[in-house]
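Structure first, then comments.
A, B, C, D, E and F are the chain letters, set down in written order, and residue numbers restart from 1 in every chain.
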Amino acid sequence: MKYATLGELMLRLSTPGNQVYVQATSFDVNYGGGEANVAVSLANYGCDACFLSKIPTNDIGQSAVNSLRQYGVDTSRILRGGDRLGIYFLQTGASMRASKVIYDRAHSAIAEAKPEEFDFDELLEGVEWLHISGITPALSANAAEVTKLALMKAKEKGITTSFDLNFRSKLWTKEQAQACMVPLMKYVDYAIGNEEDAQNCLGFHLEGDVTSGKLDVEKYEAMLKALCKQYGFKGAATSLRESKSASWNGWAGALVKDGQFYLSKHYEINPIVDRVGGGDSFSAGLIYGLTHYEDPSDAINFAVAASALKQTIPGDYNHVGLKEVEVLMGGDASGRVQR
Amino acid sequence: MKYATLGELMLRLSTPGNQVYVQATSFDVNYGGGEANVAVSLANYGCDACFLSKIPTNDIGQSAVNSLRQYGVDTSRILRGGDRLGIYFLQTGASMRASKVIYDRAHSAIAEAKPEEFDFDELLEGVEWLHISGITPALSANAAEVTKLALMKAKEKGITTSFDLNFRSKLWTKEQAQACMVPLMKYVDYAIGNEEDAQNCLGFHLEGDVTSGKLDVEKYEAMLKALCKQYGFKGAATSLRESKSASWNGWAGALVKDGQFYLSKHYEINPIVDRVGGGDSFSAGLIYGLTHYEDPSDAINFAVAASALKQTIPGDYNHVGLKEVEVLMGGDASGRVQR
Amino acid sequence: MKYATLGELMLRLSTPGNQVYVQATSFDVNYGGGEANVAVSLANYGCDACFLSKIPTNDIGQSAVNSLRQYGVDTSRILRGGDRLGIYFLQTGASMRASKVIYDRAHSAIAEAKPEEFDFDELLEGVEWLHISGITPALSANAAEVTKLALMKAKEKGITTSFDLNFRSKLWTKEQAQACMVPLMKYVDYAIGNEEDAQNCLGFHLEGDVTSGKLDVEKYEAMLKALCKQYGFKGAATSLRESKSASWNGWAGALVKDGQFYLSKHYEINPIVDRVGGGDSFSAGLIYGLTHYEDPSDAINFAVAASALKQTIPGDYNHVGLKEVEVLMGGDASGRVQR
Amino acid sequence: MKYATLGELMLRLSTPGNQVYVQATSFDVNYGGGEANVAVSLANYGCDACFLSKIPTNDIGQSAVNSLRQYGVDTSRILRGGDRLGIYFLQTGASMRASKVIYDRAHSAIAEAKPEEFDFDELLEGVEWLHISGITPALSANAAEVTKLALMKAKEKGITTSFDLNFRSKLWTKEQAQACMVPLMKYVDYAIGNEEDAQNCLGFHLEGDVTSGKLDVEKYEAMLKALCKQYGFKGAATSLRESKSASWNGWAGALVKDGQFYLSKHYEINPIVDRVGGGDSFSAGLIYGLTHYEDPSDAINFAVAASALKQTIPGDYNHVGLKEVEVLMGGDASGRVQR
Amino acid sequence: MKYATLGELMLRLSTPGNQVYVQATSFDVNYGGGEANVAVSLANYGCDACFLSKIPTNDIGQSAVNSLRQYGVDTSRILRGGDRLGIYFLQTGASMRASKVIYDRAHSAIAEAKPEEFDFDELLEGVEWLHISGITPALSANAAEVTKLALMKAKEKGITTSFDLNFRSKLWTKEQAQACMVPLMKYVDYAIGNEEDAQNCLGFHLEGDVTSGKLDVEKYEAMLKALCKQYGFKGAATSLRESKSASWNGWAGALVKDGQFYLSKHYEINPIVDRVGGGDSFSAGLIYGLTHYEDPSDAINFAVAASALKQTIPGDYNHVGLKEVEVLMGGDASGRVQR
Amino acid sequence: MKYATLGELMLRLSTPGNQVYVQATSFDVNYGGGEANVAVSLANYGCDACFLSKIPTNDIGQSAVNSLRQYGVDTSRILRGGDRLGIYFLQTGASMRASKVIYDRAHSAIAEAKPEEFDFDELLEGVEWLHISGITPALSANAAEVTKLALMKAKEKGITTSFDLNFRSKLWTKEQAQACMVPLMKYVDYAIGNEEDAQNCLGFHLEGDVTSGKLDVEKYEAMLKALCKQYGFKGAATSLRESKSASWNGWAGALVKDGQFYLSKHYEINPIVDRVGGGDSFSAGLIYGLTHYEDPSDAINFAVAASALKQTIPGDYNHVGLKEVEVLMGGDASGRVQR
């Protein structure tokens, strides 16, 4: 089974250790981006995963492509060209000090690519699952059009689609997001998003203070069921993050599939090593789970275990393999040395 | 408003990560010292902060001066000369293993500077707030005399003064400290110090086991009020640290101003990244708070939030800005990524 | 008093920080191995500790020997030669992600050394305590024979012996382990091992789920007393680890000596910096304690405090000295900065 | 005497050691840009140097400003705002492998700043020397206008001006360069540029193969004199680089002042540590020399010695001080340890 | 055109900078091996290159595979399994101090693989060029058999073959080498090797002192022509290295093809960054050249330029691309910054 | 044969790579000092070498002692105590930029040690060769007295003595040096020193410009013979350094023994990695050579080859072994990889 994801891959420049920006005399180099992160996760589980994007031909762009190849992602369908690779800077938080992201992604190759450059008939050849996040259409009007073309073609070809709502306030307003994304939902089979995403991207609302560190499971069940009902999704899922501090989060997930609600196991991630990419590893885990387990409960548990493990690894990409996720799903969170 | 601080700036050499001294093949280089740390904090909040000291002309001394300029401190009034910059070594602890400081600060330029080298009429020109800690008079008899001259001149010029008691047993005995410091208190407007400092530097006593990790707020209120009464301070403040381990501390602060007691919010700092300089960032936060907020409660809450954040950043200096402190004061300790 | 330990010293290659293997572009270099770790600990407490092994003459072997000399271990009785130094790779875990060891130790100099190369009359000259772990006989048939010869000669010379059962499933099966180790027990004065070791190496069984993170003290008392009874040990001890996660363990220890049961203080190690070598530092602490304190309760408390501290330091070796262990034994786990 | 320079300050991201881009897992962080480099050099010689530009308010922009403050440059006249700080990537060459720069500087704050944001009456208050390079007008039409306004105002105020032609083919064509720069020459007192710059920026031509590693001094004398004659420059200078390899260059300089030709001493720079910023340190040295030495021969020798030393130091900035330059000017290139 | 190479891929552990082994507290991690290096070079030139080997399934083996994928090598035909990945340690020399390699490659997966595991009908499917070096048959009797099977099948399928003689005295004696390799020569189209290789592997002899740093071109012409004549090679080539020091080598190459002798340009590599893999990059360049240029003179010049550039880059792999090689072939060795 | 050396061991803090002081955010940690360096060299050649000094008991002092133990030096006779370990900072030069040392060694334990603390009867028990440099008496009046006592006792015990004149202008004037050192010469068997040392320490003079990079061998022969004659030395030697740049030196040595003059081979050290400690490795090589070779020509050639190799290794200590020195003595300076 061939999976494809479509989006932006960025150069990530992060301060080493606990340094803040003004102290840094070097930046750690990683590459990442929502949909690329999903593709790497899938490849790490042994899946045939293909990333679709446009990436410059210079050495920075090539290094980004190489990072995908290194982990087994099919990069043969990536368009090459454009002026620059988008960049984001990351200063990782600790305790009550939050992580701080600075985006420098405007004018990137994918943001400035034209819809006609993408021949989705070819690009989606043989693909059975297409995943996109809400970041992609937010990049530019062109990128929004590209997103739409991809989803339409996917439906035409009978490809299953998943969409991670993922609202980014630095890229657009919620009014812009809703105007773009609501019409796309009819091409989507599985939606992923938390309460803020649902509210900002689709106009849904969920009561409660998301900075309080406490969660109300019942509201999520209601939200997910309502989403499925309104948009005809086959399923909808959300990760459930309790933000106790930058170093300690509770972590779980919930899935509604075919009208049934499934709540995952709950983990305490302490310490968090790198929470960036946590949501993407959840999406990847869910996609893997939905296509490899019969029981939707296993799918959501796989997604949550995989994404909990991701947050103990530096970088956007999730480097855990099947076996490690399954050991954690199976209940062993003891962290005993594997010799 | 121009702030000045007077003291020693040292080269700090710390082992990387969790290494202990005997493992180190490199040392991380930082510069720090009680009053210099206060000046950097104030500059980071946008204040006009000036540091007073004597620093060698060699490249190590110049690097120390540069570190202050980098963060916007006015270094134009620093005397240059002397044989060496004081050094301290730091091995950062973890869990039940305490951090370990080795001082190599004897014979430093500031310790050997002569009182007549300091023309405080010029050095304090335009200054409205002067801050010194109890480390400065402890450096040498000369430094004690310099401290006294600075405080006297400040009073003469109508400059507000703050004094962080800060007892250092490696530098002098409590008898020596009291003989020197008690007479200085009449020049002080705001005193800062915990129970040990008050006891060692001024002869005050507070019951209880400071290594127990528990605090008794009422005793602190009594102590601060008694200090104000005895010495005629406009205010007195203390940070309240619960030392649960080298990696996890409770953190709060208390202030008595104009006879009123103010207790701050309480934070759990877990993990602590670097607690050295925590007290200095508290002093700086208090000075900023007292000169920018009407409500003393805001002042102590600013001081505590600022100094909690400091302890999540490596190095002596506190690199957080106004906005970050205010977000934490405002109640968001969730550590959610700022994008 | 001269102590000797006999075993394998390996090159340890670990990923920096929280990186996983596939991310590593450098490995941190340390040297370690069960019995070598014990020798270093003893040397750090000021004891005359001698390490017995066979190590190649190449620069990697020499670096391993140098690492022992650096910390004061007597390396003059190490045989030199053989093809290679054993290697192990380490990826340190975090939170629910376990540490992952990859062994590449087959065909090492010590594994391929022949029994006749070891003249234990000379090698044990002047030695009063000999320590070996169950890893040594597991290395090869030759190494098992060497272990037996050493223990027999020790008994002949009236040397006290301690044996850390330490089962390694990658090296042999429990059937093989029992066939080899049970007959050795008659030469052993002090046995060290947890429930899994006792079960795998000697056929003992203890109920309960060792991955649950909870401990049942009474069972350990029963086990240790039964071990002493069956094999005539002067004493038997075990560390008690509660594996809450890769970053947080409970830690304690228990000792039966002369029929009496002693339970140590209990510590929360959070965060764990490096748990590899934790058991060896427990053994070393116990040996030190048994030979320096009258009260067996002090011996087990020393062992547990020492090994708790070890787990806050990177590398196999325990770099804490007597004073630091005694401060923790004395009850100060506050982690306050030592200035 | 107050010096000002006007231009772009960029984040420089360079691969460590001899790594090429595709190998890098971290980038060394420096800040640099032609005119900023000149300002830092002047500040390091003890001059009052002021940098004029527009720099974003985010932490990356602040770090750039801090880097100037660290070395004593007056940053108080820098405009703050805009979307991004320009970036350039650097892979340092070795032997016959050339260094490779990738620019990602489009849309930077200074490139997008509007002329009306710059009040040069204020910005040049008290300034006696203004330096700009040909990179600044090449950034954008707006930047070209800003350059012109600055030069015109300088002339109006009687400020001496220097202009480093510095053609950058990635930023504009030689036709564009000439259209812009030729009219600016009437405001320029001292021009700096090699044969390629003169050809591309002003339409001058010099025979010979610049990649041959050999220089023809006579042609340079002719060129410099012709430049002075045609544009009425008080002086014109060029560095003379013999590119033998990426690691080894010959280095000298020539100056025509008041009709006289001065040729500097010649150095072999081997190895070159970092040649980026070499030309800027030449300009800074020349400016310093022209304003501090009577003899123009000393000025060009200072410029050449200073810039030779720069190329032995990593980063764009030249960290050598007056004394080191003067020792080299004085003839000691022996590199004997200074104890 | 599909190229395949067959051999061992090792973990390379090198001391950072100029450190010697006994100083190292970390090792730089690279992966390399003669034929793998050739495959990476070819992939970097845009060729379809496939590597054949057996590599363990553990994370160290996976990292080795990933390093090939990162640079675009087809790894889909690699057998997975076996006990360990071979290791080599490298301490890079400087000036008169030679680099020092320690091999720890015995018992590797490829050395212990059985001939019947390799189905060369499948493994060579679609391949048009097969390259092997003399290291592969030297690994073990099994590996020698595998080498023979590969070459025989290649001839059967009409695949062009190249063979880099590459004698390794640590792996076998020259008698063993000759017994194995002479019979293989009948399957070889292009042989690569210097005078020592020809002597040790095939019994050829060339007068002169190879440590003298001087070369005698005429002898090489004679040797290459004689080799072609005796074994019926289509061509034979050698790199010509003048070992002036560990930091400075002369570098050239010579080729005999169809009876004609071609001598390349000559380069001075100074400094050498990393000469390991230099010969492999020569082989790869020659293969590329022979399959892409009409004129054999271009082929040898491409090989020499490519391998000169390699020696300025750390690691076994050659990361230069077509354009950089062609610029150097074209005569520009000036090392001027490419902006 | 037991060798002893007496002197100061310092903490060396050097900037990484080519950084200058003001750029450094970390310092590389090494330990070194003239006589300690000699002891390490001798231990690396397999000799029984003992270091005599006074070193603090703190962790910095312990790390210094550990560094000696690591390389096999006998540290059992080192006095422990005092306030601080001396420090020196090092910024390594390149090309025409000289290395720059900043000393911070005043008030060190050895400088402040009292003569009566040293019982040379015990400290020199079993010693057959004693080596001291002119740095030791320069440290303080006490240290000068200690030096004298050691030399007198050595003569009394029939111990051969060598003395490296080693003038340090930062520690004393040449008048002070001569007043102290001339009277010591009667206890010295072998003197080592270049023309500047002879001039400053003993009042000898040699014509010529030592910064010119050229040497006049005849003058050295005359100087060495005159030294022997005047002071009755058994031998006198000097290294011959041609300082072409900080990166490239010529290197040779000369010895007069029993009236005969021996000139060594000559080497070009290019690049120099770290020339600090070069002279000490020459002394150590000479001592080794004089006690292991019959022919004085071999002794001086060993000294020069050893010290040439030292300058290719970072740190004060010379880590080369016998075999590497002998290969270079034997004429192979080709730097070919040792596999």
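Please note the rule applied: contacts are C-beta pairs under 8 Å (C-beta built on N, C-alpha and C of every residue); 3 or more make two chains touch, one makes a residue touch a chain.
Computed from a predicted structure; not experimentally measured.
Trainee: Just going by residue numbers, which of B-C, C-F or B-F has an interface where over half the contact pairs are the same as at A-D?
Mentor: Copy of the A-D interface among the listed pairs: B-F.
Trainee: Please state whether the interface between subunit A and subunit B is built from the same residues or different ones, using more than half shared residue numbers as the mark of same.
Mentor: Counting shared over all numbers used gives less than one half: different.
Trainee: Decide which interface, A-E or D-E, involves more C-beta pairs in contact, and give its chain pair.
Mentor: Result: the pair with more contacts is D-E.
Trainee: What is the chain whose Cα centroid lies farthest from the Cα centroid of subunit A?
Mentor: Comparing chain centres, F lies farthest from subunit A.
Trainee: Any idea how many Å lie between the Cα centroids of subunit D and subunit F?
Mentor: So the centroids are 44 Å from each other.
Trainee: Going by the touch rule set out above, which residues of subunit D reach two or more other chains?
Mentor: 17, 20, 22, 25, 66, 71, 100, 271
Trainee: Residue numbers of subunit E touching subunit C in their complex, please.
Mentor: 13, 16, 20-22, 24-29, 58-60, 62-63, 66, 83-84, 87, 89, 91, 100, 102, 104, 106-107
Trainee: Can you name the residues of subunit B that touch subunit A in the complex?
Mentor: Residues 17, 71, 267-274, 308-309, 311-315, 319-320, 324, 328, 332-339.
Trainee: Show me the residue ranges of subunit A that touch subunit B in the complex, using the header's touch definition.
Mentor: These residues of subunit A touch subunit B: 17-20, 22-23, 93-101, 103, 168-170, 211-213, 243-248, 271, 275-276.
Trainee: Mind listing the subunit C positions that touch subunit F in their complex?
Mentor: Residues of subunit C touching subunit F: 66-67, 69-72.
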